[in-house]
Amino acid sequence: MIAILKQNASPERTQMLIDWLKRQGLGVHVSQGEFSTVLGLIGDTSKVDIDMLTSLDIIEKVMRVSEPFKAVNRKFHPDDTVVKVNDSVSIGGGHFGMIAGPCSVECCEQIVYVAQRVKAAGANILRGGAFKPRTSPYDFQGLGAEGIELLKEARKQTGLPIITEIMDIRSIELFEDVDVIQVGARNTQNFDLLRELGKTNKPILLKRGLAGTIKELLMSAEYIIASGNENVILCERGIRTYESAYTRNTLDLSAVPVLKELTHLPVVVDPSHATGRASLVPSMAMAAAAAGADGLMIEVHNDPIHALSDGAQSLTPDAFDDLARRVFKLREALV
Amino acid sequence: MIAILKQNASPERTQMLIDWLKRQGLGVHVSQGEFSTVLGLIGDTSKVDIDMLTSLDIIEKVMRVSEPFKAVNRKFHPDDTVVKVNDSVSIGGGHFGMIAGPCSVECCEQIVYVAQRVKAAGANILRGGAFKPRTSPYDFQGLGAEGIELLKEARKQTGLPIITEIMDIRSIELFEDVDVIQVGARNTQNFDLLRELGKTNKPILLKRGLAGTIKELLMSAEYIIASGNENVILCERGIRTYESAYTRNTLDLSAVPVLKELTHLPVVVDPSHATGRASLVPSMAMAAAAAGADGLMIEVHNDPIHALSDGAQSLTPDAFDDLARRVFKLREALV
Amino acid sequence: MIAILKQNASPERTQMLIDWLKRQGLGVHVSQGEFSTVLGLIGDTSKVDIDMLTSLDIIEKVMRVSEPFKAVNRKFHPDDTVVKVNDSVSIGGGHFGMIAGPCSVECCEQIVYVAQRVKAAGANILRGGAFKPRTSPYDFQGLGAEGIELLKEARKQTGLPIITEIMDIRSIELFEDVDVIQVGARNTQNFDLLRELGKTNKPILLKRGLAGTIKELLMSAEYIIASGNENVILCERGIRTYESAYTRNTLDLSAVPVLKELTHLPVVVDPSHATGRASLVPSMAMAAAAAGADGLMIEVHNDPIHALSDGAQSLTPDAFDDLARRVFKLREALV
Amino acid sequence: MIAILKQNASPERTQMLIDWLKRQGLGVHVSQGEFSTVLGLIGDTSKVDIDMLTSLDIIEKVMRVSEPFKAVNRKFHPDDTVVKVNDSVSIGGGHFGMIAGPCSVECCEQIVYVAQRVKAAGANILRGGAFKPRTSPYDFQGLGAEGIELLKEARKQTGLPIITEIMDIRSIELFEDVDVIQVGARNTQNFDLLRELGKTNKPILLKRGLAGTIKELLMSAEYIIASGNENVILCERGIRTYESAYTRNTLDLSAVPVLKELTHLPVVVDPSHATGRASLVPSMAMAAAAAGADGLMIEVHNDPIHALSDGAQSLTPDAFDDLARRVFKLREALV
C-alpha cells in the first residue's frame, strides 16, 4: 500500500502517522519526492481501512499495491476452483455449466416441460425464479416456496440439479434442498445475507451488482468464503451504463478474462438479463463462450402469453436447441 | 401506456394481444401509422408488467405515459408531506432537517461530545452508524447493538432525535426506540426489508441506490408506503459515474428539483458520502440548500485518529459550526 | 413519432400545435387517454427536431417510433453493405477485415517489419498512427505527414492496404493516397470533418465516441453518407463506464448484434484500445468474432522499449500469429 | 510518479527500466515490498508517457503523484486568474459572469430583443449559437456567419460583449471580432482546434466534454495555454450518466469546488444544457452560485414557436428576470 502525503504535511504529524502505522504491525518505507513524500506500507495491508487512512488531513492519496482480497485471489491459489454441483455436474476447471430455464416458475407443466427441453438440448442445470426481485411492488413477485417445490418436481423428473434466487435472509431454510443458491444483482452487497450463506456448504452463484465493480464482486465473494463456504461461482450479468436505448444493461465480457486472471473461482455469464432482448442472446452467449466463460445462464420459456410469443426476451426451447448446439461446437473449436 | 407493434405484426396476433389487454381491464386505442401500429392503453396501467409486455414478439417498444408510482406521486397528492420525527422536529413542507454526527459510533464520549457540538451549531437530528456496510469483510463493521445504546445515551443528554442505519431485516426490533431508521444505498432495493419497514410507523430515511435511478428510488419508497408506512424521507447521496478521480460519487443535485416535481415526499442531501472529501462538503451542502433540499446529512467527527486529523472526510465540529451558520443564512436569503 | 401532452394542456394550445405539425407535412392522430392526450405523428418525422418539440410547454414527452436515421437504416437497405478497400480486400457481407499494426508509426524498419509479420499471420489491412490524439500536449503527437509516407512504404513492400487516423480537417489532402481513413473516438461528432469526408469516396472507418451511444454512431455515419460517401465501416472500441480499475474502457460487444440489426454497414471491433491491456486482447478478439463482427483491429508492436517488453499493451507479432490462427479457426466453426 | 513492478519482474529487466528512466532525466527511488517492488520517480514527470510505461510487461501499475497539468495548476499559480472580456466585464477572482441568450440566433429582432431583456435583468455577456453541432445531419445547423453578424448588431445596440461557439477550425477568422469564443462539449478534445485557439489572445470558454473527466478538461485547457493563450474559462455543463429519464445530463456541481482547488482558472456553469428542462434551470443555477461558480450560462428565449411556449427548455425573459434577481441576492448572502 502506498500513501502519498500532502505537500504541507508537517514533520511532526508525519511522524505520528508513521508511528501509528507501525503499531498496526506494518513496515513503513519513506521516499522523499520533489513535490511530496511517499510512504510504502509493507506487510498485511488487507486489513487496513483505506477510507479511514484517506480521510487524514495530511494524506493526499492512498493506493493499494496488493489487492484487498485474499481468499479469492489467484495469486495465493493458482489452480482453478471446481465447484461441485452434484455427483455428475461441476463448474470450473474445464467443466462447463449450461444453466437454462424460465425467468419465473409459473406452474408444474411449464417448469417440467422446459426442464425436459433444455436437458435434451444439453443443459446441465435448471434455473427458475421462485422469489422475484421486482422494482415495483405491484408486479408479480414470484410463487415463493411453492415455486421451489415445483423446481424440485422438475428435478425429480429430469435429474437436472436446480438453481434459484434467495432474497430474504429469513427464508434460507427453504433453500436447504436446492442445489445452487443464487444471489441476485440487488443483493450482491447484502453483507448479512452473504455471511449467512457462507455458513452453509451450498454452491452459491453470486451475480455482479447492478452497477457493481469487479472488485466489489470479488470482495462479496470474499465475504462468503471468509464465513466458511468456498463454493462460489461468479456471474457477469451486465452493468449499468448510459447506453440503454438498445440493451437493458451493457454486458461487460472483458470481466471474464479479468476475473480469470484475478481469481480462481469459476465465472459464468448471463446474457439474457444483460441484454434484455432475445435477439441478442445467441450472439452474446457465443461471445461469452469464446471469451473463456465457465458457463452460461440462459432464459428459456415455452409460451409466455398463450401462444402470443414465439420469440420473446426468453429464448424458445427451439432457439435454445440451436444455440446450445452452436456453443458446444464453438467450445470444441477453442480447444 | 403506449405499445408500439413491430412492422410485421400479423393482424391475428395483434387482435389476440388487444383482447388479452382488454381482459386485464384496460381500454385500447389503435392508431395505424405509416411504419407501425401504436396501441394506447387506457385505465390503471400501474399494474401492467412492462417487461412482460415488451417481451412479446410482436412488440417493438412499450412506453409508460403515466408513471408507475402512485402513492408517492405528487399528481395525486399535491401537498408536501411533512414527516414528523418527534414532537419538535419535522422534515418537509418548509421544515429543514439538519442531520449531523459521526460516520460510526465509536464510544460514549465521542458520540455525546459530537452530539453536543452539532446541537449547539443548529443540528436538529443526530446521526451515527451502529451497523456499517463495508465492502470488505475485514473492515470494521460497527459496534452493532451497543452503538444504538450509545446513540440513545447521546439523545438523553442532548434531546436530539437519532437516526441510524439498518442492514439486517432480522435486527429490526433493535431499532424500536430509534427515531428515524436509515436504509442505506446498498439496501435501496432490498425489497423484503422495505416491506418490513412499511409495517412500522417509524420515519424511514431511504437513500438512493449506489447507481440507482430516480425512478427506482421512488418505486422503493412506493414499497414502504404500499406496506402501510407513509413516513418516508428520500435522500440523494451521489451516484456512480465514470468520474471517480476527484470525488467518490457524483452528487446529482438536479435530483432535488426533479424529485420535488415528481413526489410530495421530503428530499434531503448527503454531501459527505457523495463527495468523500471534507473539503468539498461545505460547497455541496450550500448548493443542496440552494437547490431546494429539505435537509442535509453531514458527517461530523471530533478526532479521527488521536489528533492526527483536523480536516478529514468528516467535518470537524468547528467546520460544521461555520457551515451550519452559512446554510441558515443562505436559507434566509432564499425566502 | 409520439408526442404526449401535459395534463393541463389547454384545447387552444393543443390545436395550435396540431395545426403547426400539419403545416410541417405530418399527419396527426389524436388519442385521448385518462391522464393525458397522445398525438401520433405520421409521415417523414426524421426531420422533426425532437429537442425543439420537447421544449414546448404543453409537451410532457416526445418519443420516436421510427429511428431518426435513414441512409444507414437496414429497414430501407436490407442487404449488407460490402466496403471495398482495394481490388482484393473488402469488409462486410461475409468479408472479414483483419486490421493489424502498431499504435504509432515510429520508423521505417518498425512499420515494414510489423507489416510483414501481420501479413504472414493473415492480416489483410495495415494500421498505424501518424497523427495521434493525446490527452496531454506534452505527449508524443505522432510523426504526422512523415508517418503516412512510411505507411505507404510498408504498403509498397507488402501489398497491404493501409488505414490511418485523421484529426485535422485541414490535412485531408495528405490522406489522398491512404486506403481507409479512420475517424477516432474524439472526432466521432466532429460534424464538419464528417461532412468533408462525405465528399470523398474513400472508405471511412468511424469509431464510436468515447462515451457515444449507438444512435450517435449511426447518426454520425448518416452525416458521411448524406454528404455522398457510402463507404462507411463502423467500429466498436469500448465505452466509458464507472469500471476503470481493470480495463481502460468497457468493450460493448452487444453493440455488434445491435448494429447488425439496425444497419447494413459493416461493424469491426477494436479490443486493443477498449481494454488497454494486451492480456485481455485475445479473449476479447475471439469474443468479437463469435459475436458476429465483420473484422478486428488489433495493435501489434515488435519491441516497445528496446527489449524491455515482450508482452505489452500491443500484442507481439508472435502473440498475433497465435491469435489470428485461433480467430480464423473460430470463424470456420461458426459457419 | 510511482511505478509498481510485477512480482515476477526479473532483476535484469528491472535494472534496464531504471537505467532507461534515469536517461530520461528522472531520479529513481526503489522500495522493496513484500509482494512487489515500487519505483518512485522524481523530477519532471509531466512529460512521461504513462500509457507507454504502463504497457511494459514488468509493470503492474503506474500512478501519478503530481498531476500531469502545469500551466493550469493552482499549485504553481495560487492566485485566481481573472479573464478580461472587455473593458468593463471580467470573469474570475470575484467577478461574476452572467451569460445569457438564446440557444440559436434566429433573426435580428429576436437576438436584439433578448439581448435587451437579459441586459436589463443583469446579464453582462450575450450568448447565441451561430454554428450549431447537431447529432442529426437533418436538423437545423445554425445561421453560420450571418448569425455572428446578428450577434454583433445586438452588441452594438446593447453594449453587451458576445460569446458564440466555434466548430470548424477553418472558420476561425470569422470569430475575430467575437469577444469570447466557445468550444463546445463535442470539441473539448479537438486538439488541433485547441492549439489554434491558443495562438489567439481571445478569451476561450472551454466546455467539459460530453463524458469528459475533470482531468481531461484541465488537460485541454493546458493545450490552449501551452500554445500561448492564458484566457481560458472552464465550463461545467453536465456529464453523461445512466440517469437520463428526467435530465438530459447529470450536472456535476462538485466539479466546481474540485476545479477551484486544482486550478486558478475561472469556472462557470451551464445548467440549461445540463438539465435540458427549463423547470430545473433556476434550482441548478442557484445551486451553482452557492457552490462557488464564477458565472452562469443560461439559455433565454422569447417565443420558441409563435406563442406556443411560455415555459420551454429556455427560460423566458420574465423567468430570467426573476432568476437573476435571486442569484444576485444569493451571492450577497454568501459574502
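Here the chain labels run A, B, C and D in written order, and each chain numbers its own residues starting at 1.
Keep in mind that, in the parts below, contacts are C-beta pairs under 8 Å (C-beta built on N, C-alpha and C of every residue); 3 or more make two chains touch, one makes a residue touch a chain.
Predicted model only: the values in this text are computed from it and were never measured.
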| item | value |
| --- | --- |
| Between A-B and A-D, the pair with more C-beta contacts | A-B |
| Chain at maximum distance from chain B, centres defined as averaged CA atoms | C |
| Where chain B and chain D are represented by their mean Cα positions, the distance between them in whole Å | 31 |
| Cα-centroid distance, chain A relative to chain D, in whole angstrom | 39 |
| Between chain A and chain B, centroid-to-centroid distance (C-alpha), Å | 26 |
| Sequence positions of chain C contacting 2 or more other chains | 211, 215, 240-242 |
| Chain C-touching residues of chain B, taken from the complex the two chains share | 2, 4, 7, 29, 31, 33-36, 38, 40, 42-43, 60-61, 63, 65-66, 75, 211, 240-242, 244 |
| Residue numbers on chain D that touch chain C, as the complex places them | 13, 16-17, 20, 46-47, 49, 51-52, 54-58, 68-69, 133-140, 167-170, 186-187, 189-192, 195, 209-211, 215-216, 219, 222-223, 226-227, 240, 276, 278, 304-314 |
| In the complex with chain A, residue positions of chain C that touch it | 211, 213-215, 239, 241-243, 245-247, 250-258, 261-262, 274-275, 279-280, 283-284, 286-292, 326, 329-330, 332-334 |
